[in-house]
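Heads up, there are several structures right after this.
Across the two complexes that follow, chain A remains constant while its partner is chain B and subsequently chain C.
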Partner chain A sequence: MNRIDANGRDFRALNEEIRAAGQEILIENCMGQRYIAAGMSGVSLTIQGIPGNALGCYLNGGTIRVHGNAQDQTGDTMNSGTIVVDGSCGDATGYSMRGGKILVRGNAGYRVGIHMKAYREQQPLIVVGGETGSFLGEYQAGGTIIVLGIGSEKKAPVGNLCGTGMHGGKMFLRAEELPADLPPQVAASKATEEDMAEIDGYLEEFCAAFSMEKQSLFDRPFYVLRPNSANPYQNLYTFN
Partner chain B sequence: MQNEGEIRIPSGCAITGVISKSGERFSGETAIRSIEPMHDRSNGLGGGFAAYGIYPQNRDLYAFHVFYDSARAKEECEQVLQTSFDVTVAEKIPTRKMPQITDEPAIWRYFCLPYEKLLQSTGLDEREFVSRFVVKINTQIRGAYVFSSGKNMGVFKAVGFPEDVGRYYRLEDYEGYCWTAHGRYPTNTPGWWGGAHPFNLLDYTVVHNGEISSYDANRRFIEMFGYRCTLLTDTEVITYIIDYLNRRQGMSLEETADVIAAPFWSEIDAMDEADRKKFTYLRNVYSSMLITGPFSILLGFTGGMMALNDRLKLRSMVVGEKGDRVYVASEECAIRTVAPELDRLWSPRGGEPVIIQVNEGVRI
Partner chain C sequence: MAINYNIPEYDVLRDPQRCIACRVCERQCANEVHSFDPDSGTMKSDESKCVNCHRCVALCPTHALKIVKNPDTFRLNAYWGQNDISEIYRQAETGGMLLSSMGNPKPYPIYWDKILINASQVTNPSIDPLREPMETRTFLGKKPGAIERNPDGSIKTDSLPPQLKLEVPILFSAMSYGSISYNAHQSLARAAQELGTYYNTGEGGLHEDFYKYGPNTIVQVASGRFGVHHDYLEAGAAIEIKIGQGAKPGIGGHLTGAKITDAVSRTRMIPKGTDAISPAPHHDIYSIEDLRQLVYSLKEATEYKKPIIVKIAAVHNVAAIASGIARSGADIIAIDGFRGGTGAAPTRIRDNVGIPIELALAAVDERLRQEQIRSNVSLIVAGGIRNSADVVKAIALGADAVYIATPALIALGCHLCRTCQIGKCNWGIATQRPDLVKRLNPDIGYKRLMNLVSAWQHEIMEMMGGMGINSIEAMRGNRLMLRGVGLNEKELEILGIKHAGE
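And then the complex of A and B:
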């Protein structure tokens, strides 16, 4: 394990040091340095302190574990690998993500999974343990977003305008009720056994990452949200 | 160099603020250290600080901070100032020579009060008199710019990175109960000293991260009430809108926030009748003061601070609380660097104002 003290380091210097540090790296005293592990693959990185915006952007494999909170745009455009956050994440978590996994134990901010997309074997996944802000899955085009609402007192653990512009992929919400303001282009229903089987492995992985009992998640219903057709917005701007 | 309005630079910003609810005064070093980890949010074209409670010996006098481009501008401005104000102190604002800060104007500070008889003859209340005076200097005297005009508070700003600007102004030598700071990344206009944040009128200061798309609609409306947007930068108009709504119209800060970051009509339709009536009224009467586009702002005022995001929350903002201190910043790192352990950390919703005031009875 290579230890890097990030105290007082500029983000460029810190990233160069990370690239030169080998396979197993511990970053201590992190304080807002951006783009940590940008485009890297094959390393196992542990972060203490507050990583800056766009943590793991373009990540192409390996794992990042944050012992605390992460800021905005975690996993921006990541391609593969896993980011695990013990605390909460800021806005636009998983922004334009195209593969890999982001597991957040706490809450996440606005616009989680915005522009997330999938292609064949590239199937991105975001699991948020707590609540998210508004615009969850905005313009989602593919992949899977799961919000578990653990500890949430809200009927649905999301903000306003969930699924605005969604045209692909799936969202799973563990909730008492569906959000009241779902757009007409989003079809929502209680998750079937088949749906639940599809995410069983993901829930397993999430619970293993944070030492939780998977069984405890099934005391609330899961809803699944998907676009209501292959092309839900074809008449939104033009009538052709 | 081409000034504000003469050139357009298409290209974000950092904001941070800290307030002691018990009114405890602390040095500007805290604000400098807080803005520093967000260095990369700005590009060296503007940094600034607003500090409240820093002039307790002169707490009842207006503190004008003025930039002068020339000796002539200073002479002209001082002449006008002395005809309307009883000036108790006129001094250079102490600065530290630093290679990072260049092209300095002359920077002066005046502690003063309008002449009582003159004030009475105008029939204006003191604050209105002073705000009109500031607008007059800034529009009519070329090369003079009043960038701070409140009591027991001051703005310090320059072209440079904010941490350098703070050290340039020796802010470690000042103690205030509330500080806000800004690192600038100009989006549409070049950086110059006057264009750095905070923007100020009387004791209101605004630091802003964002780019408002309603600028010209807002400007046309506010200029009907005697304000002059001389800088062609969006933060200036936000400052005047807040001054107009809160000071001149006597609206509360919550109501002010409900006008500038009004809920969507779809949200208003879903409200109970009393709220629906109120919000419909505010949106109809003050439609030209709705601010659209991405923004996160920190408003400083005597005795408090308000944080507000645009209603879609297109800019980040986090709030931290520790004991009697409340911190608001664009990024969590700005808070953790000065307060590693917090009692609470949270993100306000878009359009949700967070208003922090010093405790009742605290003398500030």
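And then the complex of A and C:
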């Protein structure tokens, strides 16, 4: 494993070192450097400290493990690969991701999974262990978002207006009850056995990543949210 | 059946003496205007469906057809025009927002036509471009503040920020695959390659067949990030962040599910039949600082090898916005005026939002000069360039290059019928219907585009020669070469030009 001391490095220098360092890399003393691993593929990166915004943007494979918190826009437009965050994540986590996985042990900010999309075998996944902020899954067009609400005292572990503009994919919320202000584009129901079977592997993976008991998640119900239509705006216009 | 309150906009005139009922028009019109009546053995027409695209006229072998404006009108009224009334009927019937396409067709002032170009007489003689070298090559990108030299005295070029090299200061503007057809895209790509310039993918991703044109391609990144992935970013010569578009400032892109065919779904990388929604705001950009983050994330992902363009619509405070963008790390700013075309835009937005590109360009160039950051960025202007004289005026007002889209489509056969939003373009351009797409032959299309741009290039050289200028670089921002006619003080002040006679 190659070690890189991020202390005093700016983001450009740090990314250059990462590109030169081979496949297995440990970054120590990370202190807010942005764009780490932007567009890279095939590296296995462990980060100690706190990476800055846009960690793993356009990521195209490989794994990133953060022993700490991450900031805004982790995994922006990522295409494949895995990002695992031991702490919490900021806003717009997984913005427009099309493939790969983001697993967050703690909470995540606003607009998590905005514009998330799926394409053929590319089925992106975001799992948040704690709570998320408002506008979860805004304009979601594909993929799966799971929010587990572990340790959450709220009835539903999300902020306001979850699923605004959603027109594809699914969201799973482990919650006492559904958020009260779901927008009309979203159809919500209790997850069936079939639904749960679909995410069983994802939960397994999440629990394995953070050494948790999967069984402990089933003491609360799961709800599944789907879009009402793949064409939410088709009746809005008249040709002129 | 409910009464249709609207009257047909056009009349289809068929000369019965010429018509041989060959039914070509019937096969050619995707709007199903023409039909054959077996009883009488003659052709009939339902002109209410006609959009005046002239496909049937052009293909009728006996020239039997004419499409004319329907002389039938609602009662004439100097205030309530025909359109005002029929749009209300349409909305009263459907409850929908009006959706149009192409550029703003309203009679707002056209500043290009109120600006005249200088020529040399006696002193500073004009140059004959047929005899003398004339440089239309230009480079787009951030320019260094000072010249640095190597120990041997030669000029240092290795630390230069990335540049786009254009043999002619004209690029093809963003049009996505999805809004226009495969054959239209291929024509643009091939023409760009042959001409030594660039075409722009728009926000619909890049078809796998067109990666080979990458060195002449600008790839676009919009809020919905359709088709954006590492290979796509790597494929292009430059990356354009689309913030706004002149035809619909403040409005995002929305390709309806019906247009997401198999092939379009592959390049956008979304399932067939789902809406492709790119909302106006990038929900991660609320400030210049946020924009800077997107600019740098793209630079990091492509290792600083490609210039980053930020494209905005020309709106009221465009100069201040451009000033911010010039400080965001972007290499090029593209400004799109209110005449810019589109595959679909809400009518009210297209016709009422934004400002003329001539004024926006002059204001931006002036502001960046005042702030001494003009060389931080190159300026591309778009949205309303109609001919080579507009190009010359734009460059003399301060642009480094222009984007053209509507002229390129017209070169490919577009007749500006302004119904791209319906997806039944009879000329094979703004459609995904295979039977229509194949009407546009890219082998011919790319040559027509090359002809157009080379003709303009020669005209630009003629005009430059006339002014006694032998390079684009020397014409850029050379506003002394322009004079206004019929403009008021304020307009002259904003354009930074004198009135003719001064």
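FYI, the second predicted complex is superposed on the first by the 234 of 240 C-alpha atoms of A that agree within 3 Å, B and C clash if a C-alpha of one lies under 4 Å from a C-alpha of the other, contacts with A are read in each partner's own complex, and residues count from 1 in each chain.
In the analysis below, a residue touches a chain if its C-beta (ideal position, glycine included) is under 8 Å from a C-beta of that chain, and two chains touch if they have at least 3 such contacts.
Predicted model only: the values in this text are computed from it and were never measured.
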{"item": "First (chain B), second (chain C), both or neither touched by A:119", "value": "second"}
{"item": "Comparison of chain B and chain C by chain A residues contacted", "value": "C"}
{"item": "Partner chain(s) touched by A:32 [first = chain B, second = chain C, both, neither]", "value": "first"}
{"item": "Touching partner for A:159 - first (chain B), second (chain C), both, neither", "value": "first"}
{"item": "Contacts of A:11 with chain B and chain C, given as first, second, both or neither", "value": "both"}
{"item": "Touching partner for A:60 - first (chain B), second (chain C), both, neither", "value": "second"}
{"item": "First (chain B), second (chain C), both or neither touched by A:131", "value": "neither"}
{"item": "Touching partner for A:90 - first (chain B), second (chain C), both, neither", "value": "first"}
{"item": "On chain A, the residue positions that both chain B and chain C contact, one per complex", "value": "11, 34, 53, 72, 91"}
{"item": "Sites on chain A touched by chain B in the complex", "value": "10-11, 31-32, 34, 49-50, 52-53, 69, 71-72, 90-91, 109-110, 133-135, 159-160, 181"}
{"item": "Chain A to chain C touching residues, read off their complex", "value": "11-12, 15, 19, 34-35, 38-39, 41, 53-54, 57-58, 60, 72-73, 76-77, 79, 91-92, 95-96, 98, 111, 114-115, 117-119, 122, 138-139, 141-142, 165, 167-168, 230-240"}
{"item": "Complex interface listing, chain B residues touching chain A", "value": "37-40, 266-267, 312-313, 316, 318, 331-334, 336-337, 345, 347, 349-350"}
{"item": "Residues on chain C engaged by chain A in the complex (per definition of touch)", "value": "87, 90-91, 93-100, 223-225, 228-231, 233, 254, 256-257, 265, 269-271, 273-275, 277, 279, 283-284, 293, 296-297, 300-304, 346-347, 419, 421-422"}
